[in-house]
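Here it is, the structure in full.
Chain lettering (A, B, C, D, E, F, G, H and I) follows the sequence in which the chains are written, and residue indices restart at 1 in each chain.
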């Protein structure tokens, strides 16, 4: 195990474990926006975790995945938000 | 034409930033890479110029504004962000909240300015921009700790509007 | 090396703590807007620090080994960080606006000027 | 009645899936890897690409990729044909 | 410690997809079910190619002295993912057309062809 | 000659190129697209015939994509092939001939049948892609490549079924149903491929056949592959998509869809015979296939009798005829491990079943085309509303009689020859099966008498006074099919000896199939 | 240390399983779509952890952006 | 489909070009870094989806034309199959440029290296062709489904008539 | 010989069949020609009768498709009712049957060993 792995794997892993907390909100969330917020939080955590895990594996090319993830999860969020915005009120 | 050129330069910079590695040119890029980058940037400019320059405003081309932006980012913005996070952390732990949605009129003219301000507000103390009035550029802000019912702009975002005005107007 | 390691550990610890607080805040707060406060601010802030840790460490390694891959690591991490900084608050804004328009009102709100204004 | 029959069949099938999942070779330890070792060893010299996956996708199994692009083309043709307005 | 848990995930994912296809009545839900089976199978293929302690099969600036995971399943999964998005696009546009003509997307009601 | 070596690739590549170009051509001129498609498929037909002659005289062919030479299957020092290989033996080229013929005729028939609205270029490119995917399924020797082509086939056929969906809802509904079931089947095939890959790290079918052990996981793969491929072929009780899809598609497409479901039938035989062969428990799997066949025959034909929609009736007959093929080949499989019974009647039964595939494609194609001709002139598919059409559509009537006689197994048409082979050999296996097959044949005749009576006979109805004969190209297509039917009926021995028997032997003898790729072992 | 990687695997897979169940359970279509998007995003992370970055990019791009988009178009179209 | 708020639109303006250039980077570096035609194409198509969602349909239709995309898609596929045909001197899909010394023909140093763009024979060309096809194709899917959603839902039935 | 198809327990030759049919046809034609030819066209002799009654009008005599084989389906009502009910056109059933058959085949293959 090299230096990188030793330092970065535990923070990365912890970040990914915090997803479980967000998942609870995804299950409980009384309204739809709550669940979207949980999704957004999961995405942020995953991006940060991906950067750390990539650094831990000492694979520089892995960071590209994190960039794609950060850019595109945002689009998904926007789509849901747009749908919620246009939904006819009951 | 100048729009096209600016887009070209920006995308070339982004491309070169992405592909920096070992090579002949400045020890970072190979020649082939740069040539390919120029070709791709031309294509991207064809696709993105009409999106990036819908309104023909070249105000952001002034390098002085970029420096102010960097100073803003590192100085007041970052400091406010630290404050914000400690504040939210305190609220997470204690659970003391007193929320409400209030309206402020920062009186910014440009779209870029209002965008910058809104995103800054979202990342700073106890505030979250909920909605925007498209005509008058008024921001509706969710404030986690309402102290006054009729807040001024300074109550909520401190010196940000001045900074933003300096950067974007 | 010693100072660097300490800085690194501090940065990583800050990152983890704030991410953790963000997740807990997501659970603890009563309604969408306050949850957005917690999740957006804290997770973004935490991610900045973890990314900064990676960048600092890779610059140090670059200085040490002169291997170009650490430069790539630093640059790409920086780009990821910028993407996160640009997209996260915008996403939060979009969600909160959508939530308000779809009829989810803030709980325990002392004032709601947006509802009074009734945009469209 | 119908639902009960379907339910029983579903449970049976699902249990078969679980059995096959447990009977699979252990996670992370491939028993045979002759073909893949060939790819890993020879992709750089034969194709000249650093990325072994891309060299498989476009060279060793390039015909699959043609098929895959064709699938996308087929779908798009189908969707255009589905949403076209008939001019009379 | 991890055992065959990835394979179990695959089985559960495929099972959930099949459950949706068998018991739920919304056409768009059926598309989600197909997507779920698709994800399960993609995970299955990638899991087959994993080798403990391996790194990605890319030589560009890879860490030295490590084995590489098997590349073929990754190529196959790439194909399968694109096929999956094509499938869901076609299924969903057909569901929209059915709604246009029939005014419903319930499986029980959209069945003029029978007997 | 250099080009001769590349024919297997060209069969696929030429129609594919035409399919990719047809949207561009369609922008320029709409009328040219159809001719382009027919031309490309004509090239394919010619190439297929050349290849068939070569294979039947020289032996099975291989084509390795991207290798240093087209026949270099094994790079030095390897036991298994690493590239995608087309391995074409007699069975594959037999199916390829059917596909080439049927799709070419379908394209020609479409020239007049499909009205020239703004979707015409998409129609032809989808038709070409459907033909390509069928060729791919039949010629390929790589199991994952087979999956890709299966997926193209289902996409293209669904899009074509929905082609009329802009005006009515029923085609879209049929397409949706077909899409859901076919994507389930395709995904399950992919699952089985994953199991094979995980166990043996091999994707080539011949290499897989040489190492397969029939372990626990292989059994599960078999248990997934057999029902799923039988479903794509339209076996009862998973046949419900068939009448929907066949009845709502445009007529030439229905004809090609029959060939497409036979391609999945071919894949089923390939899996059972070439991949597993005698490692599996032949009696059980054989009986499973026989039972599929019996149920298909009987339920298909009884459901057909009560139908009122002409194409739906024919679709149920398609199910019923698929039952014959399954029955014949299933008997062959059940006695595969038995060295006495196999040459005595097993091979004959399989010859009957496989000859029936070609016959079925011909006469069912002809019948669907006549149904399309009726629809083209009358605008309805409801038998209750038709009547007296023999007065105005003479050629169509004659073609319909030929097709109906062939499907009912009346001598001297081709249906009789293949059914006779099945009856006699199956009688030696189990008399009951043979009797059921004959009863089904009688019921088939009965239901076609009904169609003939209600559509063609009777006085000329007033609403059909203006009806004329269909255009030239449609008549030509139907005439070609009728001539083939009569030819096959009069000289069945030519076909059976030269095409069907080698196909059956290539299925039975697994070592030949593996030997093409791995070198005679 | 490497057992920690296994814990990450387990957590990711557990979330995938739970989200798959949620997809079945949720009756509202939008929620089911959100849950399936969680499955797809977490699948991308799992691919990343299994050292398949090519597939992870494809899954992130298609699962996060495009599948969500077309599903939401479909829900809008059938309203 | 209406437009979204001003903030989202402005951010879209900035991010749109970056996503496209990043997608192109993923496409052309397919043989060096993770990525390739499909992934990059999907990323670029996501940029179109972003434009569509934040600017609304009317605005986006001025910028993105289905006809042009359809043409590009055919071009990409045709280029792909033509490259495959060019190898027909040896076999279909033969990599005739690899290790030839010319364009994209440098021999690669075996083992771990920083990556040279000018390698891998026809792979980069195929990547570009497939990337063109995929981004045009997925763009068409997104555009058409957005239009179809307006066409099929109940409110849009009378309003939207091309 | 051309057209000779060995079927395992016999043979089939379509040409011989055609020749036989032609022969029989010739015989029949010959016998038919032997019959009386003394009727005149367009008279009472030429008119068709059904059971001694004059033929009814042509439009009324056409039996529409759903009435053909009415007796057959009526007699087999017990078989047809469940069968038609099985073809619901419900998409859940389609996928359900596939799963049922897959489970059955898996059991059969698994048990048989």
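Structure notes:
Rule of thumb we're sticking to: a residue touches a chain if its C-beta (ideal position, glycine included) is under 8 Å from a C-beta of that chain, and two chains touch if they have at least 3 such contacts.
A quick note: this is a predicted structure, and the numbers were derived from the prediction, not measured.
Listing every chain that touches subunit A and subunit G alike gives E, H. Contact tally for D-E versus B-H: the pair with more C-beta pairs in contact is D-E.
Comparing the centres of all chains, each the average of its CA atoms, the largest separation from subunit A belongs to I. Separating the centre of subunit E from that of subunit G, both taken as means of CA atoms, is a distance of 10 Å.
Taking the mean of the C-alpha atoms as each chain's centre, subunit D and subunit F sit 24 Å apart. Spacing of subunit B relative to subunit D, judged by their CA centroids, is 42 angstrom. Within subunit C, residues 24, 36, 40, 44, 68-69, 72, 76, 79, 86-87, 90, 92-94, 96-97 each touch two or more of the remaining chains.
Multi-chain contact residues of subunit D (touching two or more other chains) are listed as 6, 10, 13, 16, 20, 24, 30, 33, 35-36, 39, 44, 50-51, 53-54, 57, 59, 61-68, 70-75, 78-80, 82-83, 85.
The residues of subunit H that reach two or more other chains are 1, 4-5, 7-8, 11, 14-15, 18, 22, 26, 32-36, 38-39, 43, 46, 49-50, 53, 70, 73, 77, 81, 84, 92-93, 95, 111, 113-115, 134, 138, 141, 144-145, 148-149, 151-153, listed in rising order.
Every residue of subunit D that touches subunit G in the complex is listed here, in rising order: 51, 53-54.
Listed in rising order, the residues of subunit A touching subunit H in the complex are 61-62, 64-65, 67-68, 71-72, 75, 78-79, 81-82, 85-86. Within the complex formed with subunit E, the residues of subunit G that make contact are 2-3, 6, 9-10, 13, 16-17, 20-21, 23-24, 29, 32-33, 36, 39-40, 43, 46-47, 50-55, 58-59, 62-63, 66-67, 70-71, 73-75, 77-78. Subunit I makes touch with subunit F in their complex at residues 2-10, 12, 14-15, 17-18, 58-59, 61-66, 68-69, 72-73, 76, 79-80, 83-84, 86-87, 89, 91, 93-95, 97-98, 101-102, 105-106, 108-110, 112-113.
Residues of subunit C touching subunit H in their complex: 68-69, 86-87, 90, 93-94, 97.
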